[in-house]
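Structures for review follow.
One chain, chain A, links the two complexes that follow: it is found with chain B in the first and with chain C in the second.
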Partner chain A sequence: MDVLLFGIAKDIVGESRLRLEGEHEDLLSVGQLKRFLKRKFPEFSNLSSFAVAVNSEYAEDDVPLGRNDEIAIIPPVSGG
Partner chain B sequence: MKKIIIEIVDTIDTSRVYSELSHAQSGGICVFIGSVREFTNKEAVVALEFETYKTMALKEMRKIADEAFSKWDLNKLVLRHATGIKKVEEPVVIVGASSAHRSECFEACRFLIDTLKDRVPIWKKEIFRNKTVWVSAHP
Partner chain C sequence: MNSTRYSRQTILKDFGPVGQEKLARAKVLVVGAGGLGVPVMTYLNAMGVGTLGLVDNDIVSASNLHRQVLYGESDIGKSKVAVAIEKLNAQNSETLLTGYPTFLTTENALEIIREYDMVVDASDNFPTRYLINDACVILKKPFVYGALHGFEGQVSVFNFQQGPTYRCLFKNMPRPAEIPSCEENGVLGIIPGIVGNFQAMETIKVITGIGEVLSGKLLLYNGLDQSLTKIKFSRLNKNLDIEALKSTYDFDCQVPVSAIGAPEFELLHSSEDVVCIDVRTRSEFNAFHLPKTVNIPLAEMETRINEISANGPVYVICQSGVRSHQAVATLRELQPKTTFINVKGGINNLNAYATKY
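Now for the complex of A and B:
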């Protein structure tokens, strides 16, 4: 599973794409991915908030993650 | 004919917007342009850098445009955001709408920029002389 990273999320992880291989087969939902990221990269807990997009749509915590989905971390947006 | 322009571009050409929004049935055009301000909390900004998740940003901008068309009787609408490094006084976003009478396009224009700032996956980094800050990232 690949996770796209933008803005401060990219700085926290240190790359623009996080590759999660077989050992992360327990990441079945958006909520589980968020908890995993906060555990592995504690700086995520310091953000105002962060959302997850699945196939370029904002996704709630109960949305399932599939191997072929495009998954992205959306830190607080600040366009305009 | 109703027309929607939605774009993410390297450089915004503000001179195009009148022809993009003018319409035979429109008696009013309202435009908002966001630009780079020199100071944030009295600290001099060297530049802003914008990053986008382009496929999703364009999708969200399309939803905002559709919502605006459903709320107000509009003829044309523009939503355009810049990406990359922008210097002081450069335009970074332009939104606008045209309608038969002014109240619709005024209200729609405010909705377009407020909702874009709230929802569209675009991130702004303030570049100061000695540091950089992702805007709104931390409480």
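Now for the complex of A and C:
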């Protein structure tokens, strides 16, 4: 599973792409992925909302995740 | 001016004199005359958009010049709107230009936006973005969104022909301190130029009907690898049901806290031993910090509170004073016996910082 990180999410994780391999078989939904990110990178807990896209489509927490899915984490950005 | 002025675009088969006529009749409001607003208004003006409104209450400062390329050294200290109108008028005297040297507020937003066909959100803060969204939904006007972070940008067209809105993508406004601004995080000069040009392109498409408007799609641009990613999203009907603006769009955590001005703090800091916590991230701290300050990033505050021990007051500082304000509000709940004082205006307003940057 490939997770692309945008905006502040990239700054929190420290890179623009996170590869999650076999050991993360419990990541079955977008909601579970969000909880995993908050556990592993506590700064995600400070974000009141961020959008998640699965295979280029906006996804709510109940959307299931598959091993070959491409996921994007998209926090709001404000700069202008 | 003569008919050759727009000939290079009117000979385009899919644009033609009809497209040009639509531009001439269009009324576009650009909110923000900064990094994004400059390319947006420059191109819309050059291409022949008939009526342009500009909203901004800022003055030109030296740190704007690397990305706000309409302004020059001699403009420093002048009103952005006034300078922009003068230069845009020299660029195209046929455009009807109106300046609003004010910030967009709950009092003036509906009144100003009502006069225009559409809005370009070239602002630089969340309260203005949510205000533009809600006002445009109420008035049923489309708006072209653009925003940036570091080397990246986002572009979309919201509220276009009953399409999704900003709130369908990001339901609630982030709290202060969650997302750093350009001021805190930095921005490469050309990024707003690129993102603003994407916004200008979408504006032209909305006006003339050519191509496929970026509605229901968020464009993500990354300058470092020149990648463009499009994300599809849908309308949530309840977000179109807005009937009135909220009473305030200010960040909701503005509880009053004890505070000292940055220059006064700087004086105090240089003359006696004060305890000061810097709540910015480690990388910001490493790039610049005052001597004798301790770095406890805001995100780690609750777990590291026991590291703070002082007999006197504890001063709290960040880049602009927003995160430190929030930290003081949190800290005095967690440790009520200590006096915490916010350094208002933060590091941006210290002489030691200003002379260096």
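Convention: the second predicted complex is superposed on the first by the 75 of 80 C-alpha atoms of A that agree within 3 Å, B and C clash if a C-alpha of one lies under 4 Å from a C-alpha of the other, contacts with A are read in each partner's own complex, and residues count from 1 in each chain.
Everything below uses one rule, namely that contacts are C-beta pairs under 8 Å (C-beta built on N, C-alpha and C of every residue); 3 or more make two chains touch, one makes a residue touch a chain.
Keep in mind that this is a model prediction, so the values were computed, not measured.
A.B. asks: Please indicate which partner A:46 is in contact with in the superposed arrangement: first for chain B, second for chain C, both, or neither.
C.D. replies: both
A.B. asks: Could you look at A:57 and tell me whether it touches chain B, chain C, both or neither (first, second, both, neither)?
C.D. replies: both
A.B. asks: Just chain B (first), just chain C (second), both, or neither: which does A:65 touch?
C.D. replies: Neither: A:65 stays clear of chain B and chain C.
A.B. asks: Give one of first, second, both or neither to describe whether A:30 is in contact with chain B, with chain C, with both, or with none.
C.D. replies: In the superposition, A:30 contacts neither chain B nor chain C.
A.B. asks: In the superposed view, which residues of chain A touch chain B and also chain C?
C.D. replies: Overlap of chain B and chain C footprints on chain A: residues 4, 6-8, 11, 46-48, 53, 56-57, 72, 74-80.
A.B. asks: Can you list the residues on chain A that touch chain C in the complex?
C.D. replies: Residue list for chain A touching chain C: 4, 6-8, 10-11, 16, 42-43, 46-49, 51, 53, 56-58, 72, 74-80.
A.B. asks: What part of chain B is in contact with chain A in the complex they form?
C.D. replies: The contact residues of chain B facing chain A are 34, 50-53, 55-57, 59, 81, 92-93, 113, 116-125, 134-139.
A.B. asks: In their complex, what parts of chain A are in touch with chain B?
C.D. replies: Its residues touching chain B are 4, 6-8, 11, 46-48, 53, 56-57, 72, 74-80.
A.B. asks: Can you list the residues on chain C that touch chain A in the complex?
C.D. replies: Touching chain A: residues 32, 34-37, 122-126, 129, 146-150, 152-154, 169-172, 174-175, 177-182, 185, 187, 192, 218, 220, 222, 229-234, 281, 298-300 of chain C.
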